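These are the structures, in structure tokens.
Each of the two complexes below includes chain A, the first together with chain B, the second together with chain C.
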Partner chain A sequence: MPQPMPSLLDTVRRIETPEGIELSLRLAGPVPRALAWVADSLIRYGVLWGLLMVLATLGGGGFGLWLIALFLMEWLYPVLFEVYVDGATPGKKALGLKVVHAGGAPVDWPAALIRNLLRAVDFLPAFYGFGLVAMTGSRDFQRLGDLAAGTVVIHRDPPAKIPPPPPGPALPPPAPLDLVEQRLLLDFAERGSALNPARQAELADLLAGFTGLRGQAGVERLRAHARWLAGEPP
Partner chain B sequence: MRLDAIAVELRPRNAWEATDLGAAMVRRWPGPVYAAWFALAAPLFLLLHLICWNRWWLVPWLLWWLKPLLDRPLLYVLGHVLFGETPDRRQVRRDWPGLLRRQAFAALTWRRFDAARAFTLPVDQLEGRAGQARRQRLRDLSRSGRGPAVWLTVVCLHLEIALDFALIALVWMLLPDFVTVEFSDLLDDADVLGQLWLNAIGFCGLSLVEPFYVAAGFALYLNRRVWLEAWDLELGFRRLAARLARSGRAAAGVLLALGLGLLAIPATGFTADAPPRAAPSAPAEKAPPIKSPCQQRREREAQLARAASPVKQALAETLREPELRICAQRDRWRWRDDDASDAPDHQPPDRTLAQRFAAAVEILLWFALGVFVVLAGWEGLRRAPGALVRAGRRRAAAPATPPVRGRNDAASPTTGLGDDAWRLWVQGQPRQALKLLYRGSLTGLATQYALPVQTSATEEECLRLVAARLADPGLLDFFHRLTRAWQATAYAHRPPDPASARALCEEWPRYFAAGGAWPA
Partner chain C sequence: MKQRRFENCHAEEWHAFAARLDRLERRPQPGAPGPLAVAELPAAYRRLCQHLAIARSRCYSDSLQARLNQLALRAHQQFYRPHPRRWQAVLDFLTADFPRRVRADARLFWLCAALLVLPLLGMALAVYRAPELIYSLLSPESVADLETLYAPDRAAPDRAASTDLAMFGYYIRNNIGIGFRTFAGGILLGVGAAFMLVLNGVFIGAISGYLTARGLTETFYAFVAGHGPFELTGIVLAGVAGLKLGWAVVAPGRLDRADALRRAAADGVRLIVGVAALLVLAAFVEAFWSSNRAIPTTIKYAAGTAGWVLVALYLSRAGRRAP
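For the complex of A and B:
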């Protein structure tokens, strides 16, 4: 099988652990992150506004407390969430994002502090100008704070769940398949229900030489092979 | 269009990942993409200035309005480079006129405000659909694809505005000190220069964002098709079939690829809708307030002229001189002067409850600082002299004691160490007993037999040292058994049987001076 894979364009960062396991981090770019930032800002300023309403009744001292809250909200809100709540502020969680170290490990205090304190630099010259340019230009969508802290923002959720294929007979494939190919057949069985029947048959016809069948029969045969690969008894 | 020539990894992504893929696409092919952008946008930008001579503020609006046309070359190039071809000049000359003409009217009028413009553009331009077929196609694709596309438009619109401001701020920051320009001056579009300057900034912001916007919309479109038509599976199946055919196992006629015209690239078409862009505000010609300073002054002059007093009339005469007649009113924004608002704050402090509360918080903070300083000092003192004392002790002890020192084992050295060990054993502390024996042995080895036993040596190293340096088979055998018994007890929690323990305790004095110089 030809392997033009490495040069294919994708937004995935691949990491090989010392145990030889390959992890893929699906990096998140400017659009979802900007939306997450907006959501977080709404939450932050909503809370601050509520606090102001309450604390304003206390006069000058209350205003002082509010300023302290403002400081904490500005600088520690993202840090605390990223360290203690699974690497995601509420906004990031809503967009299915999360912050991790570039190696895939959960983000820790120093990294979260650095990446969030350096927001001040990313904000320059105005409205996250540098951050946006750095994020779009760097290979792993890192803004300057991310580059300094060695962190990346990744997509957390796997793509939407797909219903399991209908039950049926299981048949061993007529020829040995490598891992990628086995995965293909399983994907076909899992995602088949999302495709229209004509398209399914069309795809199955591509493997007519493999199954010896065409049309709906080929589809059924491929599903049977997938069930066998998934470990169902023949 | 050959799917196996596609240069992006095909996999079903969620919509946000797809927009990220769009950014990655521009990053991968910045040359062709920006060449296509500037080839149309830059001449158009200049041309608009010529057309709107002296009405410069129109240019950004018109540019914004024409965005759907500006997007087409971008998509044209992206559609080509995605499949590994870079269109050359000849192709461009052949394709672009049609590309720009097709459905141009619709794109610039009723479709101009389609908020998912970047997402629908590929349907118009690459699939070349129109009318009913287009509507049906968009319905199919839009089911879960349109929402993110609208968000994309909203985000890109704001990013563009943010970048405009960022560019202006950057220029302002980089101005040398002697250029006295307020930040607000850079936003002033009242004169020709300011107008042109803002037009240029707007064009830069547009150029930075628009390619990414089009690419992200295209990626959203591709992603929808990957989901709906399982392109990744098709590609994989083709590869699998090809492999099987090569390996000769597959039957002959391995499937003929259904030439599903996947992407009818050369077609042109369009849809339109641009994100509404913030436009520089038109030159402000505000109606003067009811009593502008000039009006007030004119009234005052009229009063003076009517007055009976000759002095006042002379004054009115003087004010009518041409040099003094000038009265102009200029409005502009400037930052509020914070000094001015300070004045009312200097009131005597009223000791309200809140004030007292604030004072209490302040005292608490000072107290916390004090506690911190004390603790830090204490910790520093504790560490620094401690280190000194330890180092001094080590220096003093070095010449006198052997490298191995028994630590504070709770047995008195007066009676035989073997007896002490046995007593410990009988008390049910086998670990302590063997520890005592073993340490005693090491000390004995160091003092009586003058072996250089290092504190860092492992049990095995000690054993090898004994075997190498001492020619006493009895001692070696004893020490070997002792070491094994100690290791089994210490690391495996398996104490030896009582008989061998007893033997070890009894044999110990035979090799080491009983109760001898085993230091505390």
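For the complex of A and C:
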């Protein structure tokens, strides 16, 4: 099966399902995960601060309850959210991240506990030092907790939609194209609108020998060929 | 078949499939077409898998492949999710599974017990012989605090209930946190877990040696007798869970290191859940029983002995017979 994607360079994990197909998981790197952690920390300590204000009015007993809340927030906040709320703490949700098993299934209690208890070591010696080293050393951006639990953090949604290419005439290409070449034209037409016109023309000029046209005319011609390849009426 | 025709042929089916997934994920989109019946989902999922395979082999465009991949991934997560746990499972775990797991790691258990108890006894003896050694571990203020805490003629005869609750919260956070850190530290080739065990042994030993030398035995041992069995056992078992992680990294045997680590972590996390239960019990006893000075010393010693017997029986006998 032709696969024009350079998967060695891509942060994608491919998993094979029992149905015999391959699914792609889009792995999340250290930066969005660190931002999610910051967001979660703000939420956690905000809630704890609010609780302290309320429970302080109850005296010593209230302080005991607050310490229990502190314990739960420190250790079990991420576990409960990851198990019961779609694999994501509020911070992860805000950044479109999600925790799943390396095989693509949702996380369960043991896995969520392992990855979040081992946070204590990933955090060492300061600000996730060990975690970062483990992540850069592992193929799937796994910190120590992820390695032990067999989990990965992925982007929940596919990348943002690019506006569809404008409609227009469809033209058969001047020579037969193999599947990989067809895919190249389809992707150019589909993703070209995310590039500025000068860059589009520059890319189209690479195929000037194929279309016989340069600049904007070349771009239009490649789009017309892509429409024909996709099966639009001429 | 060209891509557009393929898309037009199946668009309706994919929309209905997505609408069903939206419902299952509890975020239905308003104005979506009628969702698929749940009973039709497995067959529809297999068809979608086939569509994705076709789209890949025919090199249809990236956006179509990404869209089908996303649908298949969402469905995969609906099909292959863990079974919800029932309360019965928690009860089974505590009455049978947990002690069985401890017995399965008996050698590691005795090793961890030695890592805690030997430094404890050594340090207790050393500080008993030379009480000034305590100042190499604790600041003079903490030592003075210790002495007032266990002074037999302490002015306040009984703590207020609110103080007990505050101390309960403190023990929960502190002791279970130590248990969790001991487990986590095990992944550093076992060094973290062993270090926590030795460290705890050294401190407990030093304090008991010092208080014994100062003649404050009555109050101190009566205080620790009640929760000691549960707390010390809990710390040792946290060490077992941690050393399992470390051992898997050091000597993975026939597995590759990552697989060995995952298996050891799956075992270890179950131990640590039991440890948390033991430490909650210990915190409860420590806060509401040990601190109560109205209870006579003999009863406290008896309760402490009963606690050890209970822990020993539980870990050695529970779950031997199939239910």
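FYI, the second predicted complex is superposed on the first by the 193 of 234 C-alpha atoms of A that agree within 3 Å, B and C clash if a C-alpha of one lies under 4 Å from a C-alpha of the other, contacts with A are read in each partner's own complex, and residues count from 1 in each chain.
Convention: contacts are C-beta pairs under 8 Å (C-beta built on N, C-alpha and C of every residue); 3 or more make two chains touch, one makes a residue touch a chain.
What you see is a predicted model; the values in this text were computed from it and never measured.
Once the two complexes are overlaid on the shared chain, A:10 sits against chain B while remaining clear of chain C.
In the superposed model, A:230 makes contact with chain C only, not with chain B.
Once the two complexes are overlaid on the shared chain, A:96 sits against chain B while remaining clear of chain C.
In the superposed model, A:32 lies in contact with chain B only, and not with chain C.
In the superposition on chain A, contact is made by A:21 with chain C only, not with chain B. Touch criterion met: A:182 reaches chain C, while chain B stays clear of it.
Across the superposed pair, chain B and chain C both touch chain A at residues 1-2, 58-62, 64-65, 157, 159, 180, 187, 191. The touching residues of chain A, when paired with chain B in their complex, are 1-2, 5, 7-12, 26-32, 34-35, 58-62, 64-65, 95-96, 124-130, 132, 136-137, 141, 155, 157, 159-160, 174-175, 177, 180-181, 184, 187-188, 191, 194-195, 199, 202-203, 205-210, 212. By the touch rule above, chain A contacts chain C in their complex via residues 1-4, 17, 19-25, 58-68, 70-71, 74-75, 86, 100, 103-106, 108-110, 113-114, 117-121, 144, 147-150, 157-159, 161-162, 179-180, 182-183, 186-187, 189-191, 229-232. Taken together, the chain C residues at the contact with chain A in this complex read 1-6, 25, 45-46, 49, 52-53, 56-63, 66-67, 69-70, 72-73, 76-77, 80-82, 85, 160-170, 172-173, 176-177, 180-181, 183-185, 187-188, 192, 245, 258, 261-262, 264-266, 268-270, 272-273.
By the touch criterion stated above, chain B contacts chain A in their complex at residues 7-9, 11-14, 16-17, 19-21, 23-25, 27-28, 151-152, 155-156, 158-159, 162-163, 165-170, 172-173, 212, 216, 227-230, 232-234, 236-245, 247, 249-255, 257-258, 260, 352-358, 361.
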